[in-house]
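Just below sit the structures, each encoded as structure tokens.
Both of the next two complexes hold chain A, though its partner changes from chain B to chain C.
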Partner chain A sequence: MMDAVVRLDRVSKRFGSLVVLDDLSLEVRRGEFLTLLGESGCGKTTTLRIISGFEEPTDGAVYLNGRLVNAVPAYRRRVNTVFQNYALFPHMTVGENVEYGLRFDRVPRRERRRLAEEMLARVGLADKIDRQSTALSGGQMQRVALARALIKKPEVLLLDEPLSALDARLRKELQLELKRTQRETGITFVYVTHDQEEALVMSDRIAVMERGHIRQLGRPDDVFERPETLFVAEFVGASNKLDGRVVEIRHNSVIVALPSGDRLEAPTRSAGDLATGTDVRLIVRPEHLRVAADSSAATNVVRAVLEDIIYLGSDRKLTLRVGERLRIELQERGDRLPPCLGTRLGMTVDIEIPPDALYAFRKGRGE
Partner chain B sequence: MWQAKLQRHRIEIVCAIAAIGYLVVFIGLPYANVFAFSFWEKDLYTLRPALSPENYARAFTNDLYRQVILNSAEVATIVTLVSSVLGYLLAYYLAVYAERWRNLLFFLLIVPLWTSFLLRAYIWKIILGRNGILNSALTQAGVLDQPASFLLYNKFSISIALIYIFLPFVALPVYAALEKIPRGYVEASADLGSPPWATFWHVVFPLTVPGLAAGAMVVFCLSFGDFITPSLLGGTGDIMIANVIIAQFGAAYDWPFGSALAILVLLIVMLLVGLSVWIGRTVSRGRA
Partner chain C sequence: MSAGGGASRGARWTFAAAAILIFLFLYAPIAVLVAFSFQESQVLSWPIEAWSFRWYRLLLEDRELQQALWNSLMVASACVTVTTLAGVPLALALRRLRGRLGRFLEQTFLLPLIVPQFITGLALLIVLNRSDIGLSLWTVILGQSLVWMPIVVVQVHARLQRFDANLEQASMDLGANRLETFFLVMLPNLRTAVVGSALLVFTLSFDELPVTFFLTGAENTLPMHIWSMLRIGITPEINAIASLTVGASVGLILLGVWLLAKDRRRL
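What follows is the complex of A and B.
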């Protein structure tokens, strides 16, 4: 692709014997909102720091706008960062923080002030310009940090878990605000988070990372609905895990036997990968399970003991036990559940698992 | 009602009493005593309580004392400036570059503080003296034909010793200030396009100014009032004000005049310190 703002070409990063990034390649398209999603230690922040120039890759090449920048120091890259803890300069006012970066673009003092006012107005903090930066709330600091980075009109804006220090409600609010800012400015965002919901809400594309690799790169619906690996399937979205063994191979599907004796049909998306006798893990999301009205009609039905019903407002979450020790969860709108389910606690119910909702992955292989 | 209040603020009250008590006993009373003495009169060998401005008049009109005070101020200023610069550099090196040598170097910086002040001043006699280490080395190496005598018993030797002694007083608070600066600030500055020197000037330095100022102030006050170093390492022309004051309380047996000089020194130092605090505040407000 020609229009890659950032291109990482077979980048590796090692600290001593610790491999943080392992032969990672990534292209960030101009104007997109790309999220690096993964647990702590998966290499997402290191990837960000390699783009910004705070870390140098051990191997591989980093391109910004097609230009090799491995040897270019951070302060000469047209890339700006919103840091996790904002890193606002405590000895400066809000306005001084925001206009700070313009000093180095030879913008005259008065113009800097004007631009800072404009940028602060955009994030709704115009009246705070002469406040000391330490006198702000977390959400306000986050907005100032954003204004301070955006005023530089970067090629790419890097955001390192910028919302992780905020409470849930403010986080939701700022997610939408960030997304809107990104759309309006057209600036490329590379966003790092461990919060998969955040990633799903905001991103154009998501790169799911694990142990220095990108396990899957795609649109949110790809990642959520069509996971390519066991890791992605387990990591993105809540999921039930059912371990079993392939007992039969059909045209486009396999039959998997669970330890409880139940047999489930699952489509094979990666053909030829699974042979009879292979240990597999089936992944299915709680919201895809259904309580079967009567067991005769449907295929893929397992018998389970209803252990608990949790009230979640419009939804209910059912905790079920299949066989001796396998626990699964089912989530469904309350009005779609059979009536009087509450009286059936401790009794068996039939659970239908639509084959489409099942993902079979070979077990015990880290990819 | 007030009993409940008393109950609630018990610890505060205890602390306040302790602090006030300390200030009164160790600062207030001695200074009040010296202040009172400074108005007394001396008749040959007796001291008589009085309210006489005579001692102050004498200090102001006599050129000798003015010269000694200026001399002290000069030495204190040089010592403060040099130890600030060197102390800052040292602290910066320790905080930023030293890495695995940090603890060792830090230890070496602090160890001299455990030895006596007198010893630390005296050691320079051994280094700078006519048959001292430096002269021996230089004559051995053939740089000098005969030992140099200009090294010792002058302002140079006093200043060197005081700089050596007081360097940690600057380096330690600056180091503490540098340590407290999160790496995020430096990275944020670079991220916003600032070259390393500009990051130092706009971000790192302003955040260490309080530490530097505190250290420099202590150094200035202590070196202004020091008497051991000048009496060990100074020549006849380099008497500092503390030596004169000591002499008034000792040999001259003129406590009132000594007290007047002490009060004057106190006022001068307070004035200078106040001025530098004010300047520091104005500057940092104007620039930050």
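What follows is the complex of A and C.
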């Protein structure tokens, strides 16, 4: 069953003349892990705050379980939040923090303690129950914050960049932990982040946001492999941008001429009407580029000057210059690159761009 | 060891000597006062020839002085109550107020502390004279509360600046309403600022003279009483009561400062 736990219906939020959310509609399905992905200022945190009740929409309706909740205050909603800076109560112990929310559900003291122990065990901090909350490390604090929110058994758990203050390794660890917790509890998670990798790793669905709009909503592979707009293509995943002009229309593809003179074939997909002469931007991911064998007669080959080879462990990243100004990057496993590439720095190499990996978007016009 | 080390040692001694001198300048008069309070003789003379608790015993019999002490304690306690009950909500309101009004209030709420107290006293006296409210300890309480209120507001306001607004939201997020949030989350984190400023207000009010001078009716507070005793001459009895006051005040101030500092470390 695909019922919506949260439904935002044409929600707008304005602060004075500043439009933060612009006629945004969104359905969060029960039990899913949905990520709002976007840069700061795109409206993702405001969306979260509207769901939690800390912010009221200027226009539009917010439904929780099908019930209109626009006027319901935050403390009456079965929605809980994990804050970016943990927001643990500094004057309380870990256990008191975790059981705090149960006070208002009239749970007796002893039962609260028992449930807090249970929750802390779940996040691996059972032995810290009587510690002062300020005495924990960042990762531990975040786990306590998670336990404190989950103990309320919310309909929806909102997470506002909860891992952004942690170091990279711990972040990876907690990503998997969060995902596992979500799967085990079956609680709906709405997660806010600007980190696209985080979004790809954890989410069932991703909503890519820009300037108060959702630009694309779909599974991680949809968003990553089938971007619908130029913004999504550029924002999700590293990407090379090649600007050019349509010079020929074919059955399911267009031929685009680059300023360097190279010609590339790109499938049209949903790019809309691309007439001859349209300025377009081609997007291609560094890992989809290949160094062509010298004698290959493949199509979609550009000549580029090899400027640098960066060692990334099992991968290498090549920086290349096409024509006068355009710089592109190519990422490939080291053992798949031609041998002795290091000796060809400053020389030209042929780069093959498989047509399937190219996305053509009309340039200039807003989305 | 180089010659430079010797020079810096010389400088250190100079600084130490200066520090000791300043310290003596600050505290020697008080020490002399305390010493004289234990003097047997009626006339102040140095060196002290005989020591006694005579003047402290006399304090126990001085009804008038005891009444003044009692009045002072009453006024100080009332001031603490009024300034706390009004100052804490005012500080909370200041945090919420944005825009021009908020900025205006933020810049002006210190004013009563800056305006010379005798002017505040005089101004209030003029206002009270126009009305039918007679002068009494109540008007003293009113005047002093006005003067000391900024201390509470400043302390609590400063603490609120460092208070993480997310804590308030986290509390409401977890099901607490505004009132529960105030008592369970805000107040425990503001507690030492409130207690610390209350102690300061208590000590300051206990010593206050200018405002009291203008606004009191028939009753005297302790500083007023001492002042009136002085017109007859400095008696060792005054030294005794002054020594006790200094002791109590220093104790309270230290407690207040310690509480404020303790919290600063924790947050």
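FYI, the second predicted complex is superposed on the first by the 361 of 367 C-alpha atoms of A that agree within 3 Å, B and C clash if a C-alpha of one lies under 4 Å from a C-alpha of the other, contacts with A are read in each partner's own complex, and residues count from 1 in each chain.
Convention: contacts are C-beta pairs under 8 Å (C-beta built on N, C-alpha and C of every residue); 3 or more make two chains touch, one makes a residue touch a chain.
Predicted model, so just to flag it, every value in this text is computed and none were measured.
Partners chain B and chain C, once the complexes are superposed on chain A, run into each other and clash. Within the superposed three-chain model, A:148 lies in touch with chain B and with chain C [touch as defined at top].
Contacts of A:54 after superposition on the shared chain: both chain B and chain C are touched. When the two structures are aligned on the shared chain, A:87 is found in touch with chain B and with chain C.
In the superposed model, A:43 lies in contact with neither chain B nor chain C.
When the two structures are aligned on the shared chain, A:134 is found in touch with chain C, with no touch to chain B. In the superposition on chain A, A:220 makes contact with neither chain B nor chain C.
Overlap of the chain B and chain C interfaces on chain A: residues 52, 54, 73-75, 79-81, 83, 85, 87-91, 100-101, 103-105, 148-149, 152.
Against chain B, in their complex, chain A makes its touches with residues 52-54, 73-76, 79-81, 83, 85, 87-93, 96, 100-101, 103-105, 148-149, 152. Put simply, chain B touches chain A in their complex at residues 182, 184-185, 187-196, 198, 202-203, 206-207, 284, 288.
If you check the complex, the residues on chain A that touch chain C are 52, 54, 73-75, 79-81, 83-85, 87-91, 100-101, 103-105, 134, 148-149, 152. Across the complex, chain A is touched by residues 164, 166-167, 169-177, 180, 184-185, 188-189, 266-267 of chain C.
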